[in-house]
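Naming follows writing order (A, B, C, D and E), and every chain is counted from residue 1.
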Amino acid sequence: MSEDIAFWLSYLTNGKHLTWYASFQFTIFAALFGGTLAVVFGLIGATLKNSRFFPLRLIGTIYSSIVRGVPDVLFFLFFPLAFEQTVEWFIASQVCTPELIAAQSAAWPPCKEANWFLGTPEYLILASVSLGLVYGAFATNVIHGALRSVPKGQLEAARAYGMSASQLLWRVHIRQMWVYALPGLSNVWMLIIKATSLLSLLQIADIVLWADRLGAPNFLPAVGLVHEDWRWRYYLVLFLFYILVTLLSEKAFEAIMRRAGRGILSEVRG
Amino acid sequence: MNMAQAAAAVAEKWPVVAIRDLHKSFGKLEVLKGISFAASEGEVVSLIGSSGSGKSTMLRCINMLEVPDSGSVAIDGEEIKLHGAGPHRQIADEGQIRRIRSELGMVFQSFNLWAHLTILENVMEAPLIVQKRAHGEVREEALAMLAKVGISEKADAYPAQLSGGQQQRAAIARALCINPRVMLFDEPTSALDPELEVEVLRVIKVLADEGRTMILVTHDMEFARSVSDRVIFLHQGMIEEEGTPEQVFGATKSTRLKQFLNAASHE
Amino acid sequence: MNMAQAAAAVAEKWPVVAIRDLHKSFGKLEVLKGISFAASEGEVVSLIGSSGSGKSTMLRCINMLEVPDSGSVAIDGEEIKLHGAGPHRQIADEGQIRRIRSELGMVFQSFNLWAHLTILENVMEAPLIVQKRAHGEVREEALAMLAKVGISEKADAYPAQLSGGQQQRAAIARALCINPRVMLFDEPTSALDPELEVEVLRVIKVLADEGRTMILVTHDMEFARSVSDRVIFLHQGMIEEEGTPEQVFGATKSTRLKQFLNAASHE
Amino acid sequence: QETVRIATEGAYAPWNFLDDSGAPAGFEIDLGNAICAQAGLTCEWITNDWDSIIPNLLAGNYDVIMAGMSITDERLETIDFTQNYFPPDPSKFIAAAGSDIDPSALEGKRVGVQGGTIQAAYAEENLGATNTVVSFGTADQAMADLAAGNLDTILADGAYLEPVVTASGGAMEFVGEDVMIGDGVGAGVRKDEAELKATFNDALTALKADGTVDKLIAQWFEGRGPYFAE
Amino acid sequence: MERLFQEIALFGPAVAFNIYFAAASIPIGFIFAVFLALGKASPNPLMSRLSRGYIYAFRGSPLFIQFFMLYSLALSFNVSIWKPMGLSWFVLHPLFIGPLVLTLNTAAYTAEIFYGALRAVPRGEVEAARAYGMSRSQQFRRVIWPNLIRLAWPAYTNEVVFLFHATAIVYFALPVIGQQKDLMITAKELFERDYNAFLHFSVAALWFLAVSLVVFFLFGLVYRRLMRHMPAAPGLRFAPKWLR
């Protein structure tokens, strides 16, 4: 019995498992960074959508509707590649000489010197930016709606007391907007958490990739413990992990809502 | 009214607010059809008139919450700069309008206290942010103003925690605290129950007696009579009759005003 | 009133609705404290009383929209079967209650027409679905009922396209079309403007004159007096006074009823 | 010292896999490290999904692929290979013991392969018409399905399957004829990296000559080799 | 330009798989969702707990994980159950297990939508139905359901579009059989050949966008019909609230 426990304990703490546990940091980083960016892009998108200048308004509208009209996975795969190629194209236009281009035999990049290496950190950042861009489009809608929910009189009072446009925006409009936006942003946050499960598609050795590798059947003692297909157990752990995280997030958002809603909340609820 | 002050005000007759030939349409609806009047230092002017006659629009043109299609507004002798014409007319100088607005204390019908700030913060907001005055000084003055309107004990409460009458008194304190040349009131009691109304009217009466320049839109004829130096009756976007309360309420000339006063007393 | 019918009704005195010792509490609040009364064939009974006195609850107990904690309700001599006790008391026989309900035409304060059906479909719904009568016959009767309440031309409109008074008249037609033994009205006009109210009261008056058995909750004393055979005054969950309109309104005994009638006439 | 990034899959034991410490290990890792030592380079190992291992090489996210990748004409169109470090080796069919599979007349069977491998291309072309070819992301996933009875057979490198059959203790067996596809396994490099390719080739030549390669093959693949001894 | 059209045509067969996955899971998911929503609203605490738990679990975890987990779970039952029954080829086929997981998933999201709508059904109309003697099933069929589906339709339309988008990850988690490849796998394979991300992924995106628009159009028609009893039927807007 105690031998069993010792065996499982050492199995679950071998280097491979420790790496798995460590890989949760990628997921958490991507969620937090992606979430922050989503809010930033949401604010930018909503500002564009609210702009008085038609072309800007159009850009805001197109951003929020096109990105939402396409599956997140697709954007997720596309954006880092496209971004990398764009950067390389830009570098190429600076550094590539005709000789270097002639010497290049591969299809891309135009010349060897224009190449940009992407490692895990770069991929992680690009993945987070993709998350931010995709869910920023949802946040744009949420924030746009919230900005319009702030009672007109609140803004009029600010104008009547001589606040400048930016003072009005930051001190009254955006301050009050959060309360109306929080329920929607909470939904967007849940989406981002769930979307972090796609990190492995971008060559990040994340929790999903490790669950697959750890659970895959092994026949060779040289490789490690010989076992049959255990993948569903590992995925069950991830399944529960995500449920737990969304549950905790929900509670956290409720608490934030209570705090941020002081003075305004009764209006929102009522 | 403080006699000395009143005498001085009338003697000077310096027009703090001067409005000339204001026109304003919303789409096809012509709401103001050429309105001119002035309010001198220390004068209390009441705007009365039936619903839809353009009183609120008139008042909102003074601080340019609505930009008039034509005509001019001057505060303390300084004309507000506008450019463009008709519905496209715009404020020309953002800096100027911000400065002028911070000298006009507007009190809204629905209070419009900033819901995310406490009462004290509401009162301190404009002096700190717009007028950039020192925090300590502003705080002292804000507390004094709250005491004046009688809600000192609510300084740290949020607007939603106050009754309507208390909210409106806080809104008056907020307007007072920017030390305005003129106070503008748009039906300050019509969102209130009759009992709460009394509290607010009492505060306004005190201000009038202190000799503050005020323009107020009201539907309470009793109150207008007791507080005003001058009463202006608007009808369909034009000034139909104008004069001292005695002239307007006592010796009414216009038949329309007679009808209106009749209806008002039957309400 | 049709004289022959009225005479027959009074002669028979067969209790169509018989209520015995009803008690009902919501949590700690005891709303009905032992109420008994009967309505005979062709009788019009009005329930009056101040707000919260339990009138609606009383009426809703008749068709078991609220199940009383104790006491019994019998329709046309048949007692509604219940089991359990107190707050856990439940309807015992679903078949019986459905059959009985389809003989009680209830008209709600807020109409509660089915919004997704046309007026005609609303009226035909219960006869077709619950009573399973033939389509052609029901349609004919439904159109006749709509004509009776005066909204024939709205047969194919949806409820949202009708005024409140028209909606309430449609609701009355819907209740009539199930050919009920008794009509139950819960303040059928209190959600209406005074002008619309008149239309609906007129229709109810016609029904009363035809000799329909009706129990109605109303806050309109004038109407209760003119339409009822008997008036019941509820106070704090008990019957405080009961009698013909002449007895109740003319020779009021209870001081509480006096107070109530006084207040009602000052509304 | 120059750093070379080498990509491997990490799910193809004993060629390459992730050991208990979570680091890449296996024949190719040992060999790659030997090559780097020989050529005076620093090796850095990167794991990358099989699917996108060539595109990411092209994208410049690493310089070399050592992932049990067979040299084929199709791949030579996009990338270059060093000389092989494992000779042309038959691909084999594996099935549960006692199943009556006859790969020479395979019909109506479910054949598992790893997507994007030479075996996948072969199976699609030669067996696809009369059988169901199921492709998986990793060879291990295919093995899981075979073990669970969801596949009739798997077609994969003999050198990958042999240890599995040995370790299964009779539960798995080879069936039918072997198929020869590919020109052995080599290290993939971008076409413009002639210099790196030459460095690797030189190192490999030296390691073949001094018996290191054969030694590693013998160590990781029981009963194989020697292939490169003079 | 011609290249673009060729490419668009090339994706034609692939989009059929995405449409199949969505079309196969939507009807059953819809029916399952009705029962889940009723379960969640049920006064029976056990029923309510179970439905709540199910809905929470499937909405609170990523679809991607659900695919992996349920496939390997089904695989682990192969020897003991599916194989003896001769169902192995069927149960573990992506064209079956794909829609199965999508169904379980969309049922949870749809149930939440229906549950919200159920609570918004006007109480008075239900009470009227009761007062006129309708049985419980008559009340549901004749009054509750027509109200519920109208209230839920706009949100449900969004759910259908997002379910369609979710079909993009099916083949990232399940094995590919023969040439049965959906939009994403096709785009990815083409990309791996010539490294032209802009062309291949954009064309896939165009297909997704186009089908989404068609869904909106069709569901909008239905909505207008559903709302014909309202004086001014509000239009259907692309405003998703809760997605995967």
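Here, contacts are C-beta pairs under 8 Å (C-beta built on N, C-alpha and C of every residue); 3 or more make two chains touch, one makes a residue touch a chain.
Since the model is a prediction, treat every value here as computed from it, not as a measurement.
Peer 1: In the absence of chain A, which chains stay connected to one another through touching?
Peer 2: Leaving out chain A in thought, the network of contacts falls apart into B | C, D, E.
Peer 1: Which chains make contact with chain A and with chain D at once?
Peer 2: Chains touching both chain A and chain D: E.
Peer 1: Based on mean C-alpha positions, I'd like to know which chain lies farthest from chain E.
Peer 2: Result for the farthest chain: B.
Peer 1: Which chain is most remote from chain A in terms of Cα centres?
Peer 2: It is C whose centre lies farthest from that of chain A.
Peer 1: Give the chain pair, either A-B or D-E, that is connected by more C-beta contacts.
Peer 2: Per the contact counts, A-B leads.
Peer 1: Where the CA atoms of chain A average out and where those of chain B average out, how many Å apart are those spots?
Peer 2: About 50 Å, centre to centre.
Peer 1: Averaging over Cα atoms per chain, report the distance between chain C and chain D in Å.
Peer 2: Comparing mean C-alpha positions, chain D is 85 Å from chain C.
Peer 1: Measuring centre to centre with CA averages, how many angstrom lie between chain A and chain E?
Peer 2: Those two chain centres are 23 Å apart.
Peer 1: Any idea how many Å lie between the Cα centroids of chain B and chain C?
Peer 2: For chain B versus chain C, the centre distance works out to 54 Å.
Peer 1: Can you pull out the residues of chain E that are in contact with at least two other chains?
Peer 2: 72, 75-76, 188, 191, 195
Peer 1: Any chance you could list the residues of chain B touching two or more other chains?
Peer 2: If we look for residues of chain B contacting two or more partner chains, we find none.
Peer 1: By the touch rule stated above, which residues of chain A touch at least two different other chains?
Peer 2: 81, 107-108, 212, 229, 231
Peer 1: Dump the list of chain pairs that touch, please.
Peer 2: The list of touching pairs comes to A-B, A-D, A-E, C-E, D-E.
Peer 1: Going by the contact rule set out above, which residues of chain E touch chain A in the complex?
Peer 2: 56-57, 59-66, 68-69, 72-73, 75-76, 165-166, 168-169, 172, 184, 187-188, 191, 194-195, 197-198, 201-202, 204-205, 208-209, 212-213, 238-244
Peer 1: Using the touch rule from the top, collect the residues of chain A that touch chain D in their complex.
Peer 2: Result: residues 14-16, 18-20, 81, 84, 103-109, 112, 115-119, 200, 203, 205, 212-213, 216-224, 226, 228-229, 231 of chain A touch chain D.
Peer 1: Can you name the residues of chain C that touch chain E in the complex?
Peer 2: So the residues of chain C in touch with chain E come to 63, 65, 94, 97-102, 104, 106, 108, 110-118, 125-126, 129-131, 158-161, 174, 178.
Peer 1: How about chain E: which of its residues touch chain D in the complex?
Peer 2: Residue list for chain E touching chain D: 72, 75-76, 78-79, 83, 88-89, 92, 175-179, 188, 191-192, 195.
Peer 1: Taking the complex as given, what residues does chain D use to touch chain E?
Peer 2: 51-52, 54-55, 58-59, 110, 112, 115-116, 124, 128, 132-137, 141-142, 144-145, 148-150
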